[in-house]
Structure formats: structure tokens, C-alpha cells
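One chain, subunit A, appears in both complexes that follow, with subunit B as partner in the first and subunit C in the second.
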Partner chain A sequence: MDRLTRRETIAIGAGGLSAAGLIGQPAHAAIPTANVPLPKHPLEAGATLRVIRPTKFVDPDETIWRENTEKFTKATGVPVRTDFVGWEDIRAQVAVAARTGAGPDIVAGWANDPHLYEDKILDMTELAGYLGKKYGGWGALPLVYGRKHGTQKWLSIPMGCGGGALVYRKSWVNQAGYEKPPNELDKFLDLCRKLHAAKHPVGWALGNSQGDGNGTATWLLWAHGAYQVDEAGKVAINSKETVAALKYSAELYKTFIPGTLSWLDPSNNKAYIAEEISMTSNGVSIYFVLKNDPKTAAIAADTEHMRLPGAKGNVYPEAANTLNAMAFKHTKYPNAAKEYLRFMMEAEQYDPWLTKCLGYWAHPLLAYDQSDCWKLDPKILPYRDAQKMTRYDGYKGPFSSAAAAATAEYVLVQMVASAASGQSTPEDAAKEAERRLARIYRKA
Partner chain B sequence: MDATTWVAKRTKPNWLARLFDYKPFLIAVCLAPALGLLLVFLTYPLGLGIYLAFTDTEIGGNGSWVGLENFIALAEDPIFINSVWNTMFYTIVATLGKFVLGLWLALLLNQHIPFKSVLRAIILLPYIVPTVLSAIAFWWIYDPQFSIISYVLVDQLHIMDHYIDFLGTPWAARWSLIVANIWRGIPFVAITLLAGLQTISPSLYEAALLDGASPWQQFRHITSPLLMPILAIVMTFSVLFTFTDFQLVYAITRGGPLNATHLMATLAFQRGIPGAQLGEGAAIAVAMIPFLIFATLFSYYALGRRKWQQGSSDE
Partner chain C sequence: MNKTADDAPVTEAEGPQLLSWDSLPRRIVTVYVPLVCFLIILLFPFYWMGVTTFKPNSELLNYKDNNPFWITNPTLANINKLLFETDYPRWLVTTMGVAIGSTILSLVSSVLAAYAIQRLRFRGSDYVGLAIYAAYLVPPSILFIPLAQVVFQFGLFDTPFALILTYPTFLVPFCTWLLIGYFKSIPYELEECALIDGASRLQILRRITLPLAVPGLISAGIFAFTLSWNEFIYALAFISSTENKTVPVAILTELVQGDIYHWGSLMAGALLGSLPVAIFYMFFVEYYVSSLTGAVKE
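Coming up: the complex of A and B.
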């Protein structure tokens, strides 16, 4: 990280110093704030907090988080212990904490987790209102994930949105005759075919991978107007839109590099960095790694990002992986818990975290559009808008444990993978997904 | 009072001593700690697991009794049926592989060869490395883009013109996992069988030599019957370990491609923990029990027959 900081600092001069979070610099003048009175959270005597959150994919995510937490302890005297937990384990830990009323006070969990345990967690309306007013309002996706469905009540504090943008090699796309990947799906397919013909295949994860695999499936489905359940939570996957999406997937799959059926989350990162593929979709972590290694700087320079194709107007076929923090009612120190979340979301702490992670967790609060994070490197701009997505896990249904289970069971990924690889017809794949979803949603 | 009728005056033992002299009580007291451990750490979890299999419990929610509903749903679930089939195939092929290679290795190591003890230590290596680490190593070996095997065959030796997709098609993935499992399981079989071989008295072989027995006859009539008791035990353990294997599969394929390599254990975990369907996951785990009991009984009774061990044929 030192190297990155130094380079950025040299590149953009004094502005970068504050962005890099150096002590003694004027505090984050770039973030416009409104003057809003602090919510009153008198700290409980002898408070201590235990926090769990998902493990890092980029180093500063952990180091800056820990630094900020130490600052909180110094300022308030409240000791905080943060545990970093594997991505797949968070959901189970939230469930156990909610059920047993013991364990962590705060969990920065996944997008829909707080909605499953709304009667076990603290009301965040006041704190969310304060943050929203101070920092220019919440984005569309945090509004979906933060508030109880169809109400004004806040259940959680969305902390960051990990968008999955298209990552591509500019020169190879140009050689294929395109200025940039087109938004129209048929033209996009044409581009992928040309890239494949030029021995620069594309690749999307179709294995049982939590982040990338599910992202691939929902992108293809949503881009064709398909969805797993309707507004009432009734299974609606077996539709002509789904079949159209699956037929498209089968065509697109022919342009993939071999082996994507077994790809897990790190696979597309590895393949892209090794220049085996010309295009995929991912969080900012691929670019982060390329940029920080002098050996791959040339690849970084040739890498661009954009929104996934298939957008209709302002509706993008993407959901960002949202880090959604909740505090449990069983905590003995509810004020300390809220105060900790407030502290972490204030610009002095939040902006360095955002910036040093190169926007890995893009901000949910609109004022951070002005963060230096997005000025340091125009290439990562698509990640800035992760909170403007309106699709979510389990779209179009209400939030439920069934939606989370369908994601964890890879129902959609496996449907797309079986149709794409030709192991079953699109119609059969949709029917099998319908069967599995009906089982998972039987109680919802 | 004369000496012949004198009876030593015995102090009447107090109630505590009498209590401890009372056999049923003593048995109960001595058994209590062991029983307690068994109850808390074996019976209760097993009982709870079996109970959960008949409910629709989710993680973080209370379930209700649904009877056989989970099992009925599983019986119609092609993914579950496939996992049962996979588990059987995986167990049978991997166990056979481990035994053939393990026995061969044990026989070789039983010979007088130079650096015998060093070699014996080395072959234990796969067993010493934590399974998850070796699984990750195999994950790289089988990577569709970065496999060392593909690299050697395609880029160095130019024998093939495309990389091998080890984990991308169901059969390739199954065989890849079986190879990894055999690699990991051989040392256990080899070392235990080697221990068994060393208990066989050399005089038996000397006698056989004098009678003019060929090496095959020696193996057939001395080694194999005398090795049979330990073989039965090792076989039982090996079948149990393989049948319940989890780490290799979960780390390398996570059940993919398209659930083609899910074993019952991985599917039970997948449904029960990440999928939060605790009841259904428990039902899959419970469905493993009959298979395990059958495998254990088979190893014990089929391989542990006394007559056979003593070198005569069955009546």
C-alpha cells in the first residue's frame, strides 16, 4: 500500500495527501456536508463492542477498518474487537447471533441479512436519517437494502456497495472493431465472438461461486427481463424471458475460455491478470491488483471498466454486493453500537477507507460522489455508481430467507450453466430451476 | 472363651464404605464420566440431527415437525439422487485404488531396501499435510488455465494442443477428485498394512521356502490370510473416511460442475449451512447412516471371517 499511496500522491499533488488520509491534513474538504445536529447516543459506562464483518479482498479494507476502529476506541474509550469472517460464513453467524441472542453486537453482513431478523435488531431510522441529511442522501440500492420493504423504517446502515462492472482490455476490444463494449446485447455478442476469433476469449464464472457466479446469472436474466419470483414472492422463473436469456447464454458461452463451469470467485481474476481472457465482470479487485504490481502496470493501463450491457435506460441488470451493518437488540450497549457505526460512516474515517480501497466498497451516501477516490483514477468511475442499481437479490420478491437460500444454493447459476454448456435445453433448465425454487420458497 | 470359637471383632463399616462396596453403585459411578461425555458429545448431537431431519428448521428460525416430508422431497430430487450415486462411486473406486496401491507400497516397504526408514517417513507426507492445503494444491493442479499438468503437456512437451479441462465436465471432475483422494489416502493404508506385515513371523516364510512355495503362493497362503484382520479394520476406517469426505470436494469443486461431484456430505453441508435449510441438510446427513452401517458391517463380517483368517476356506 505504501507504493500506491506514494504514486498517487506524486501523481495528483496536494489533493492526494488528504485523500490518502495523512494525519494533520485538512479533513476531507471535498465531501460536501450539511450541518445536522448529532444524534444523541450517550455512551454506556464500561461499554465494549464485538463486530464481525466479511474478510478483505484488498488489504486496505482490513487495515483502514482497523485504524478507524482504533481511532474510535481512542476517542471514546470503548474497546472494539473486529473479527473478519469468510464470505460464506457471515450469513450463518448472523443467524446464530439472532437466534441465540449472544455473540457479536454488530454484524456488517450481506444485503438482505437484516431483513430476515428485523425483530432482533435495533431501529436505525434516526442514525440513517442523520447520515442521509448530512451526506446528501442515500443512493437507490441502499434505500432498498436499508429500509424495511415498503416503509420508512431503517433496519440497518448500508456501508458500501461492491459493484460488479465489466472489466475489459481496451486495445483488444478496439482491434475487434468496437470503441467500447456496446450496451445492446446482440452487438455485445458479436463483440465477444470477434474477441474469441482473435484468440482473446471472454470468461464469466459459471461455477458454484458466491459472488461472481451469482452475478453472471442475474446479469443475463435481468438483462432479458427475467426474474426468479414476482412481487408477491411467487416463483416466476419458468418464463419466456428466462428461456431467451438461456438461449443467449448458450451463444455467449461459445465465446468463453474453456473451464468456466468450474470457476470459483478468484478464477476470473487469475485468468484476466494472466491475460488469458479479454473481458469479464468483477469488483475493482482485478484492477487493484494490476495497478499495484509494476509487472502488470501495462495491463492495468489497457484495462477499462463500464456498466454491464443490457441496461434499459437507467435500469441496470446488476446488483451490487452491499455491506449492510446491523446492531442486535441483545447488545448491552446499543448507544455505543450506534455511535461506532456513525463514527465509521463519518467522512474523516469513511473517505480514507473508500479511497485507499480504490472504491472496492463504493459509498452508499451520495455526497461521496465528490470523494477524491473517484478523481484519482477515472478508470474506476463505473464502480462509483454501484449504489444507483435498483435490482437486488431475490428481485422482484420481498426479502426473505428463501431469496438468500436460492442465492446460496446457486440455483440461478446452475440453471444458466447447464443451459449454456448444452447439458440441458433452456426449457429443461428453466423447469429444473422452477422445481428447486418452488421447494426453497415453499414457506415464503 | 477358648481360641477356637473366637471371632475377630469387626468394626461395622460406615455407610460410605458400604456404598462403595455395593457393586451396582460402583459400576454406575465409574461409568458416569464416560457416559456423560458420550451423551453430551455423541448422543445428543446425533439425536438432535435425527430430530432435525424430520423438521423444516432453518438456521435462525424455529421449525415444525414435518414427518417424512424432507425425505420424500429428497427422493424426488435429482441432485440428491446424483449425490448418493456419486458417493458410492467415489467410495468404491477410491477405496479400491487406495488398497491396491497402499498394499503394493506396504509390500515394497517391507522388503530390505536402502534408506527404509527415510522412505517410510516420506510416504507419510500426503497424510501429514492438512487436507485443506493439499486440496488447494490440487485445485491449482486442476486449474483450467494454470494447471501444471496442462503446462507440461502443452507448452513444454507439445504432446497436446489444448489445456485439459479437469474440473469442467462431470466425469473429468469425478476422476480428478478420486485421484486426489487416493493420493491422500495411500499413506494411511500403506503404513497400517506395513505394521500388519511386520507382525507376521518370518519363520512362516522360511517354512514356505523350504516347501518350495512361489512368491505368489507365499502371498496367497501366508501374507493375505494373516493380514486379513488388520485389513478389515483399515478397510472399515478407509470406507468411513472416504464416504464422509468433505474437505477435498468442497475446496476443489464445491460440488460443481453443476452438482456433478456433490457427495452426500457436501450436499448436506451446502443445503444445511450456506443454504440455511437445516432440516433438509440434516435429512441428507441422516440418509448417510444406513450406508455407513452397511459398510461397517460388510467390512467386519465379510472380511473378518475367522476361518478365512486361519487359512482354510469357508464351509
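Coming up: the complex of A and C.
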């Protein structure tokens, strides 16, 4: 590669950006921004980028992403190729890229992926600092997933948080005597019992499913104050809080529709759309599908969302599926990679992407609270705050391959499923989970 | 070969006849009912794929008002989406190319390896055979990262050659193991006769052994083709461009969007994707069966 001098590369980069009108251009009108100097990322001569990210959630997810990428190429002359990978499969590709030191320059992967490969990826502290200052700061969850645990060093740029709110049929909840699902767990259980008695059972995934299954388990545990490891990473699952959560899940399970033990990620979508269940937790996808099909528009009109019950003050028993972008050290064009991520996060690009995706990837930067996205349909407002969650996979411990392995082996969801279905007593289920977690954390 | 009494054709008058202890009810219970159960179990997945392919979403999601086993309002929308809104035809061609390439490569290697182990009888040949089979037991999930480094070093990443050259890592052991067993069933005397007549080892392989081993080769070929066609983990790890993907990986990438599964198009993709393998089996089923029952009757 021909190397240019620092002065020349700055000139090329700045020239390209100013030619495209990207410097000094006001951000999207609705998004409040601070006047923060651009980070210095002089583009390397002949730079090209290869990006992989999870496959689209809805068509605009891909089309707007590609449009924004084309804008970047026009502005900078840096060709960028984006490949879309299956959600469950992206981790294998990240592992290959990290271990072989070749492949994509940027991966927009999942929440804790950057933490597993922190020695293989570029430091993003400067870029994250710029974005945070310009756009009103980062939300709590991006702060957790973006920075190295216990430090101020940024490993990645969180790009969006797919929240898992409570999805429910308002009319059926009203018929059961509640204005909306209560936050108190005992009252919530009462509501579920009444819905079940009225032949409108509820349903949460208890099968080995990456998103919904793990989400069910962590909700129940965190709502009761339980956690899998303590701050130091010592296994702490076998606690009275866990046993209380498991006893509660056994009661709640009695109000479920049959079959939830084998439910995977799409199962609750299907059951809710078919009006087989009255309540579940999910991303905005259920509502999106209902709303866009005239045959199910009536169900969409009767559907509401809210935070999952069991919140204590502003602490919610939820995590969010965070899209977390990292750039590998093996890239020949680190500045171009950082500049691409900055460009994609700027309001001119980010806000249309956020809005057209109906807020599925809720913003990580707080200024986007003001986005038109959240004014178009008040029903999706609970998804706006996905980035305000403070819980994460492997809570309360540091990020580690062990935390990822525990999630991948469905330790928590299998514990909840065995206690809920009566296959084990809550005490035995907690003990078994403790044994499995101890093995996983010891190996790591 | 001389025909024996066993090979004589059965005339119409001779049978098949029911024996004294045999009866129609007994046959129904012992033959036809198990046969029907077997057929239902084997064919139901194809039926389900077919039915789902032509179902509109409203019927697919609502079993209360619709019969899950039948279609009220069939639609071609799922096939249309698969064929014209995705790169499915290209994925199919890529998968076919990869499967054929890796099968040919594996068969050639396996024939040579199996013949050497079975017939040349060099010192330690038994252990080599055992080691080759043991290699088959190493799961691809362990091998894909080291193999990825090799693929990158050769500059093959994201090309079909990455798959054509890595699939033999599990195909060669399997085919070799299968062919060793097959070559064992070919009488050694035939080769000895050829040796006496002055044939070289390669001539024996080409003119004597391989023609007799055609059913075994076809059987190994079918297995290799099917394993290549369905392979997932290497195709996922070594190919990142959408257009270069193989069918099993690509339909998941394109038709599973988060927790939204486009079941109709997924099933259409699975159905169309399984047809080449089914056709392949259909044409060669006789060779396949004969390979399992031995090569040449002594």
C-alpha cells in the first residue's frame, strides 16, 4: 500500500468530507447536538472496508444501512462492502476473524462479543467520547457493553439496543380487572391467573432459545434480586433469591399455554399473532408484523407494550439485545474503519435508520430520545428506553467467555424450566445450575 | 460366472405363495402396517415442507380456523419470494458446484487410499486405516478455526474453493472407510490372475477393481454428495458474501430475520434444496443397495 504523509491524508480526508458537505452540516433537525470537534481519523490512501452485521430485522434495516454506506463511499471515496449474517451465526464468523487475524475489518456483533476479543480489536475511546459528548451521552446499557469492565476504555461502539418489553392484549387485561399489567410480582401473578381462567393464557419461552428463552430466565431472576455471579465473578446462583424466583416461576408456569418448554425465539410471536396467548415479552417484531398485515391490524390496535414487571425504582429486570460494533486490529485501514462507524452514528444517517426500523434498534445515545421515531407511534415508546437498562448477560460479574458460555449453554433457562415444570424442586434446580456454572467459570 | 440354482428366475406358478402359517391378517400386522408407519415417518417431513411452501401466512399461523395438514388458499408467494427476491438460484448453483467438486476430489483420493490400505498390505496398513477412520470422528466444530487459518493463508477465503478443498477433510475418511470394506468383498484371486498376466497395480485398479466396485463408488459418491450438500459450519465460517453462500446457510441468513421466520419461503428453499439429492438417490438406488450387500459373489 502506498503510504501518504500525515498532512496529505488529513487533507484527503477533510477534502472528501467537506466536498460532501459533511463538516459543519447541522445534524438532523430533531436531534439536539453539542458542538464537538471531529476526532482526527485521516483516511488511509486506497482504503477499503469490509463489514459484517446481523441480517436485517425488517427490510429498511438493510436498505437504509446500505444507503448510508453508499453515502459514506461517496463522501470519502472508501468502498465499503457489507455482508449480512444470520443472527445465530455471527458469533462463529467473529471467532474466525479474531482467531485468524483476517476477514472483515468491522463486525457489528452482539453485546458481549467485543469483550471476548478485547486484545484483537481497536480502542474506541476517542470515538465513543466524541459521540457521547455530541449526542447527550450514552445510555446505561451501552456504557456497560461498550467499555471494558471496570475501566473507562471503550472497546466498541454500541449501535442499537433491541429491547424486550411486555407485549399484551389490552382488552383482555382490562377484562381481567386490571387497567394495565401491574409492576408488583404478586399482582402480576394474579393477573396471569385471571387471564388463564378466562381462556387467555400467557406464554414465555422456556426452550433453548438465545433471545426469548434467556430473556425469560434473566427477567425472573433479576426481578427477585438473584444473579448468576457476584462482582468478582464468583458463582452466586444458589441463593434464596434464586429459589424465590424459581418458586414464582413454578406458579407462573401454571398460567402458561401448554408447550412453552419447547418454545424457541419465533414461538411466542406465532402464538401471540394467532391470538393463542394474551401476553408475552418480545422485541417490537410482534407489533411490527401485526401492524403491517391488514388481517391482523385489529390485534395490533389492541396490543400495548410496557416494561417487564418486577422493577425496583428505575432498575428494570431486563437486558437488551445490543448491536455492538468493533473494528479489528488486523484491518489495514483503522482510521477508515473508525470514520465509517462515526459516519453511521451521526444523526443524518442514524436517525433515518432508527426511524425506518420502527425503533427496533433503539438508540444508544440519549439525544435520540428526541427522534421522530418515538413520536410516530406511542405504542412503541417502551422500546425507546432499552438503553436505560442496567442488567446484562453474566450480571453482576465481569464480561468473560464464561458468561458467554453460560448463556450459550442455556444454564439459567434450563434451571427455570426444570423448576417451573416440576421436574426438579427449586432448591435442586438452583443447585444443579450452581454446579454447571462452577464448571463453566472454572474452565474459563 | 455360472448361474446357480439360487439365481434361477422364479416362475409365476412357483410363487410368491403364502405359507401355511402365513395369512393376510398376519401380513397386515407384520408387513403392511409397519411399512405404512415407516412411509409416513419418512415422507411426512416432505409433505409438511410441501404444504407449508404453498400456505399463506394467515393459514400458517392460525391453526384454530385452518387445518394444519391442508391448504385452503394456496399461494405461490413464498416461492416467488424465494426465487425472485433472493439469490436462491445462484446459491443452488454454488452448492451444486461445491458438492460435485468436493465429491469428485474425495472419491479419487479415497479410491487410492482404500486400495492401498486394502490391497497393498504395507506394514501398518491396518493402523493407517484405523487412523483415517479416527479422523472422521473429529468434529468439524473443533476443526473450523484451524482450517480457517489454512484457508486464509491460501487466499481462498470467501470463495467456493475454500469449501471444495476443506470438505474432503471429513469426506475422504468416510469414503475411504466405506471403500475399504467394499474392496475387501472383491475376490483377491481376480487381481492375482491379472498380476500373473502382467498387469501393473494401476492397470488392475483401473481395469479390474474399479469396474467391479462401481456400486461402492456410487454409494460413497452419494454419501459424499449429501454430506457436502448439507454441510453448515464450514460454509458459515469460510464464506461471508451473500452471493457465494451455499443453500443451507443462505436461506437461514436471508429468510430468518431476528425472531421472524419466513416459514413458507424457508420450506420452499428446503424442498427445492432437497430435490437434487432425492433425484440423485432415485437414479442410483439399485447400486446403492447392491453396495451394501457386497460386490461380487464368490
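One rule holds for everything that comes next: the second predicted complex is superposed on the first by the 415 of 444 C-alpha atoms of A that agree within 3 Å, B and C clash if a C-alpha of one lies under 4 Å from a C-alpha of the other, contacts with A are read in each partner's own complex, and residues count from 1 in each chain.
Here, a contact is a pair of C-beta atoms (placed from the backbone, for glycine too) under 8 Å apart; a residue touches a chain by one contact, two chains touch by 3 or more.
Remember, predicted model here, so these are calculated numbers, not experimental data.
When the two complexes are overlaid on subunit A, subunit B and subunit C occupy overlapping space and clash. With both structures placed on the common chain, the touch criterion links A:422 to neither subunit B nor subunit C.
Using the contact criterion defined above for the overlaid structures, shared-chain residue A:439 touches subunit B, although it does not reach subunit C.
Contact with subunit C, but none with subunit B, is seen for A:273 once the two complexes are overlaid on the shared chain. Of the two partner chains placed by superposition, subunit B and subunit C are both touched by A:95.
Once the two complexes are overlaid on the shared chain, A:283 sits against subunit C while remaining clear of subunit B. Once the two complexes are laid over each other on the shared chain, residue contacts for A:56 go to subunit C alone; subunit B is not touched. Contacts of A:77 after superposition: neither subunit B nor subunit C is touched. Once the two complexes are overlaid on the shared chain, A:46 sits clear of subunit B and of subunit C alike. In the superposition on the C-alpha atoms of chain A, the part of subunit A touched by subunit B in one complex and by subunit C in the other spans residues 88, 92, 95-96, 99, 270, 274, 276. On the side of subunit C, the complex with subunit A involves touching residues 57-58, 61-64, 144-145, 148-149, 152, 157, 233, 236-238, 240-242, 249, 252-254, 256-261. Chain contact summary for the complex, subunit A toward subunit C: residues 50, 52, 54-58, 81, 83-89, 92-93, 95-96, 99-104, 162, 211-212, 265-266, 269-270, 273-276, 282-283, 285, 289, 293, 295, 360.
Residue ranges on subunit B touching subunit A, taken from their complex, read 56, 58-61, 73, 77-79, 142-146, 162-163, 165-169, 173, 253-259, 270-271, 273-277. In the complex of the two chains, the subunit A residues touching subunit B come out as 88, 91-92, 94-96, 98-99, 116-117, 206-209, 257-264, 267, 270-271, 274, 276, 401, 404-405, 408-409, 414, 417-418, 421, 423, 432, 436, 439-440, 443.
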